[in-house]
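Here it is: the structure, laid out below.
Residue numbering begins at 1 within each chain, and the chains themselves are lettered A, B, C and D in the order written.
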Amino acid sequence: MNTSFFQDLLQSITERGRQLLESREPPPGNAQALAEASRKLISSHGEASGVALAQQVLCAYRDCPQAQQKAFFDILLKDFAPPHDVLAEACQRYLDDPSASNITALFQASEPPRQELFRRLNQAPGGTAELIAMRRLLLQELKGRPELAAVDHDLQHLLASWFNRGFLVLRRIDWSTPASILEKIIKYEAVHAIKDWDDLRSRLQPADRRCFAFFHPALADEPLIFVEVALTRSMPGAIAEILEQHPEAQPAEAPDAAVFYSISNCQDGLRGISFGNFLIKQVVEELAREVPGLRQFVTLSPVPGLRRWLDSLGDNAQLGAAAAECLKSLKPDAPPPPRLEQPLLALAAEYFLHAKNGAGLPLDPVARFHLGNGARLERLNWRGDLSATGLRQAAGLMVNYRYELRQIEKNHEAYANQGAVTASPEVRKLATLSAKTNR
Amino acid sequence: MNTSFFQDLLQSITERGRQLLESREPPPGNAQALAEASRKLISSHGEASGVALAQQVLCAYRDCPQAQQKAFFDILLKDFAPPHDVLAEACQRYLDDPSASNITALFQASEPPRQELFRRLNQAPGGTAELIAMRRLLLQELKGRPELAAVDHDLQHLLASWFNRGFLVLRRIDWSTPASILEKIIKYEAVHAIKDWDDLRSRLQPADRRCFAFFHPALADEPLIFVEVALTRSMPGAIAEILEQHPEAQPAEAPDAAVFYSISNCQDGLRGISFGNFLIKQVVEELAREVPGLRQFVTLSPVPGLRRWLDSLGDNAQLGAAAAECLKSLKPDAPPPPRLEQPLLALAAEYFLHAKNGAGLPLDPVARFHLGNGARLERLNWRGDLSATGLRQAAGLMVNYRYELRQIEKNHEAYANQGAVTASPEVRKLATLSAKTNR
Amino acid sequence: MNTSFFQDLLQSITERGRQLLESREPPPGNAQALAEASRKLISSHGEASGVALAQQVLCAYRDCPQAQQKAFFDILLKDFAPPHDVLAEACQRYLDDPSASNITALFQASEPPRQELFRRLNQAPGGTAELIAMRRLLLQELKGRPELAAVDHDLQHLLASWFNRGFLVLRRIDWSTPASILEKIIKYEAVHAIKDWDDLRSRLQPADRRCFAFFHPALADEPLIFVEVALTRSMPGAIAEILEQHPEAQPAEAPDAAVFYSISNCQDGLRGISFGNFLIKQVVEELAREVPGLRQFVTLSPVPGLRRWLDSLGDNAQLGAAAAECLKSLKPDAPPPPRLEQPLLALAAEYFLHAKNGAGLPLDPVARFHLGNGARLERLNWRGDLSATGLRQAAGLMVNYRYELRQIEKNHEAYANQGAVTASPEVRKLATLSAKTNR
Amino acid sequence: MNTSFFQDLLQSITERGRQLLESREPPPGNAQALAEASRKLISSHGEASGVALAQQVLCAYRDCPQAQQKAFFDILLKDFAPPHDVLAEACQRYLDDPSASNITALFQASEPPRQELFRRLNQAPGGTAELIAMRRLLLQELKGRPELAAVDHDLQHLLASWFNRGFLVLRRIDWSTPASILEKIIKYEAVHAIKDWDDLRSRLQPADRRCFAFFHPALADEPLIFVEVALTRSMPGAIAEILEQHPEAQPAEAPDAAVFYSISNCQDGLRGISFGNFLIKQVVEELAREVPGLRQFVTLSPVPGLRRWLDSLGDNAQLGAAAAECLKSLKPDAPPPPRLEQPLLALAAEYFLHAKNGAGLPLDPVARFHLGNGARLERLNWRGDLSATGLRQAAGLMVNYRYELRQIEKNHEAYANQGAVTASPEVRKLATLSAKTNR
């Protein structure tokens, strides 16, 4: 109740983070100068200067032309790698005597000095945000220059440690959230775009809507990931039921289902550090506590890879007549006609249960995410999303994944160890049907 | 101004941290069971279970008899070390081809799996506090069992990264701070004990007193380190002037000096992770902003090693007559007589400037801390602390160190590179005197 | 610094205020039932029932048809007036013996019981907001039924006491203010309409913009009054300079003027309770502290009554030729041509300095507000507002009033005692000119 | 959830309230000068000066010698009363024509100008606290000078309106409450003195203890009234069970009773403005929500008037032998011997049920408070409080009053209308016994 003292703590972090990084004269803005200042920062000099030097380096980096920033990545790769002779000697010593202390020494010798550099840069006010921005650029650069992976590894290693779930904070986002946060929700929504502030309000303000986000204390005005939830009576089959609801409409009955209809990652610079699993599970717990009548926690999810897979089937001789006709009849920009319902659902079941990528996992990326979290594929929804995107990606199909807390570990284990796709009997039956009809 | 949204963030962390870790049935409380649950936690199983399994392991650990906790350390040492074959192969590969990717692979192979275990434990509510408690016990155990250093290295490595200065928050501690925090200030004060709540108030409430502490968001109701400050007119020479001031007394004139008269670390489990340097420098900045008239930032510090060193001089033939007489006349529990003032100060100057430990650094630990921060030794104060402790440790002597922001880097460099002790001309002169008189 | 405990206090008020007033079974919704429940509430019964009965009456009132609400006003007027015999006796007693205790008795006897009713209604959660809503309706009704003035007097008397400036809180409104507050700023802006959220942001987010509002703890999510401020280099003459500035544009130089370009009252139900005077003066103090370079505090204000007055002049024979021509040439919806500048400014100066209402005060309501606050009329701006409204009301003219803290009392006294209009020499000269040219 | 914006509101009030009232040069410190500045404050001058003049008057008053403050009360009485001619005319007009508007005019004419003075003083930062301090002194003075009642009436009238229950905030007081608040709890506890901070902690920190206080936003660091509660298994009969419990002891079973064992008013200057009734009822609601197992809400209360009443019985011939013997045997400073249990309880029942004051209400002030709130007298506890105070006031007796929400209105009505004392059958039986035995 009286925990407000602790709340104030954060203000300080936030305010430090917002301080413009301009108070100090930065060193000249090129990669060589950055490298030199960076070397000074990880020397004993850096200890004495407190955070001032870190602040200078970050400012100088930020004010550099992008070409120099990229050149700086190269220097990080080459000049801030472990010194060869030291590391080689540590290897040899370990090979000669694999003692605990030699392992420790080897671990230390193999840690690139750029990790220490990143840690020291993080000491500056706003440092964490700058490092995330740095990694965003690095990830872009990485596509064309895979050798930078070593630098990215170090940055990701630290960020993953710093953004440990124990340091994240779940916050409800609602209509009394600061506008500066809300405009980021509009910006970062990646599944069903938010058109404007009225659209945003219709997702936050009604009594049957919820939105939750993870935040990190050192990045307090930036959500990391957020999920939008609708509380409904039974599991919905079409996104329009949710998005087009009138904001003032009161839910007719007490809701029994929580529907996660949109999950968006916000920070490109934190790619590969997974928050979604934790977010969904904590929101399930929060909602179960707040709304005791809830009986099911489900998603209403897109199927981004379905059309591509259907197209890849081509004139597959093994396809049954119904399936072949279905493939032929689908239009890229029109809802499929009613007669295609059964064959399309059957093909989709096939897609989820049997179409695999190189790693033996489901082709569909959204399926991989939810199944990997331990959810089960619950239902396929014909005409779930008739928007242009919905038709183009999945011929209008949407699916529900179901999170049942008691089954999550079992489902996940099966998925993680054998790539097994847990699906409801209904979906399994469709797949059988598919086998029968299509082949 | 309107940053309160961000403040609320922290409440969530804090409340999670306070949840009793008892909601889940812990596994049986012995080291083997802990090890088994820990293995499960770092397997794919751990991903699915969210934080529940981490919580179980932490509860089980905490509820174990201490003997089992210590036995668990052994298992961490042996069974959660990097697998030899994998690491050996990574070494060999690196030696064959020292490429960037082989360095990355080697770094990963040499990271003991217990680091991942600690990271996953940290995901549980209150996990950070439990890991700090774990390290406190480990440090005790380490004294008798140095082989555990490898485990400690991993824990310290992570804690140092998590308690990066960029994540710390400076907070003023005053009389409107929650009592639950204030009682910890009483408990952790390590230099001049706080007798009771009235004594505490006399250090917090007067207009010329300040206290600041660092906090970490994940440990929000525990200070990490704090410093007590008196604002005075000129640099004080005796602690009694500060501690015995009447709380209601108003400072006669505008203060021109900020005196750091007590710095205390609070968390044994964070030993070796240094906060003091950052704390002093940020408090200097805060005070300079708040009280524009301040001209000097100094300490009033104990000299814990002086008497021990004096005793060690014994019948050193090289000592001058005055010094020898001084040594003979000092009583362990009475203030030294006036005639000893000059010889004692001269000996003390000698102690600071020339008495070195094995590493070539000053013998006095408090001197090492402040000189290492870039402060300079400003003045020796005869009869600075006539309490029992003051007499026993330093024959009543106290000293002032001075933090002058523009000199800090230079002083620190000289100290770090050559072990040079920066001292005021006054102190240097005393040392010369010492040479003349004593030898 | 650590005042967060006190901050939490308000949350409770706010949350109580938001509780839907529906938990209790309200009495049947008609005026007679309301009256009966109200009588019970001011009896001893009301003391025992705590706030529950107050809550019931408020709910019943709120859920009544408007016709019944208005009928309830009549009952308040007649049945909740002081009992005649008691009051007559108190009068007689006072006339017989004008002692202090008889004055007290008379004061008590003349206080209508509806005041106690309003006080008890205010005890319910959200009661203050309901009473304000009640007065809003009452004020509408009052226009056609002046006898209700006695009821309004009582309600205003209490609200004025409760909204005493000592209980108001100044808050900055910025882009990190909750959206639920910001949408009210959009709604209540009465001078220069805010088109949408982007327009709002352009008034809040740029470094040279400020917005401040007064709030009352019992009405915490409703601003009472707010003012929008632009920090500029010199006093601006046209509103477009301010409203059309690009949000990202950085002010070229350090600002030396704070321009109050829009002040809006928010609560109709608090009409007649003046906040603007206090608001402007406290904002002047806040800004003077925050931005030390500010040298002048001025408004950029509309002149809502100018055109009406000009029209009323008609064929006034006393007007000079220039003025007469000016009057004839003005178009209601087009900017006046350049040749009219001098005559129009002269007429406007005349309007400000000499056109009076029945009470001998300036005709212009905005002038009465600022002059009554002690500001002086500083400058008339030809083509200050070429919007449709600006043209229709004032032929495009805007004016600056200047708040100079040291002159405020003197100006106010002259205005309050003699209706004197303090104006700059420049404006006075225009009026002289007007006299010369126009007559 | 995100209501923190509103929380911040209060900080501003609080900080304004704490500003030392010293920034302005106060007028000379005597009653005449105060009166003159006060007259200026309620003139039109006061409007222009904003709060500055109010601040000056308050400072001047506060810095006056007490004799001058008291002299100022006289001036308030005489010179800030309604002007006789105006009021007499208003009376006459009303007597001639008792119209609604004449009532309004009469009410306005009879309101002493000092009310407006107090309202304007309240506009200054910290004004409310100063007015409360002013009334504290006035109440002391009033004892010897009853004519000041008219001044007190006006001050109380305003304070009662401003401290309307709708503006009060209930806050839990616990061990994380700011020390500055907690020291006031120690200071204001009026029933069972709190010895020191450890004693305080033992009343706040254990899981089965609660403390709640009312606060007012304009007086945010001062509790108005607080109640201490113990959650117990069944209704306790002796205060020692509660006060001597070891802080670490865990309650054996889930509590079913909430025991209000101490209620203390904090502000002398708010005497006569009742908060206790509201406090108890809201705390009952809070606890019923928080601890669903609670079945009874009772007090454990002192009987401050019992011994005095017993002593007054003297050699009353009507007393039965047992009672007479009981009266003779009671010692002022020793627990009564076991044989007195029945006669003493019977006398006490008599005291509660039949001993009345001049107004026909129970003699016992604590009884009047709880019965007036609608509680019922539940049980008499022999040897409830064997402390010196307990023996001296009530021969060791304590009683329980019971708050049953559904009975409160009925009990209160009976008490308010007929002075009826609602008591349990058990207590009634003791009274009958008393009648039999004693007479």
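Note that contacts are C-beta pairs under 8 Å (C-beta built on N, C-alpha and C of every residue); 3 or more make two chains touch, one makes a residue touch a chain.
By chain, UniProt protein names: A, B, C, D = Malonyl-CoA decarboxylase.
Predicted model, so just to flag it, every value in this text is computed and none were measured.
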- Query: Hey, which pair has more contacts between C-betas, C-D or B-D?
  - Reply: C-D
- Using mean Cα positions as chain centres, tell me which chain lies farthest from chain B (Malonyl-CoA decarboxylase). C
- Interchain centroid distance [CA atoms averaged], chain C (Malonyl-CoA decarboxylase)/chain D (Malonyl-CoA decarboxylase), Å: 38
- So, what's the distance in Å between the C-alpha centres of chain D (Malonyl-CoA decarboxylase) and chain B (Malonyl-CoA decarboxylase)? 49
- Note on the structure: Residue ranges of chain D (Malonyl-CoA decarboxylase) touching at least 2 other chains are 2-5, 7-8, 171, 176-178, 181, 221
- Where on chain D (Malonyl-CoA decarboxylase) is chain B (Malonyl-CoA decarboxylase) touching in the complex? 2, 4-5, 7-8, 175-182, 196-197, 201, 221
- Which chain B (Malonyl-CoA decarboxylase) residues qualify as touching chain A (Malonyl-CoA decarboxylase) in the complex? 2-15, 44-45, 47-51, 77, 81-82, 84, 87-88, 91-92, 94-95, 98, 100-101, 103-104, 106-107, 110-112, 119, 122-125, 127-128, 147, 149-150, 153, 158, 161-162, 164-167, 169-171, 177-178, 181, 215, 217-218, 220-221, 277-278, 281-282, 373-374, 408-409, 411-413, 416-417
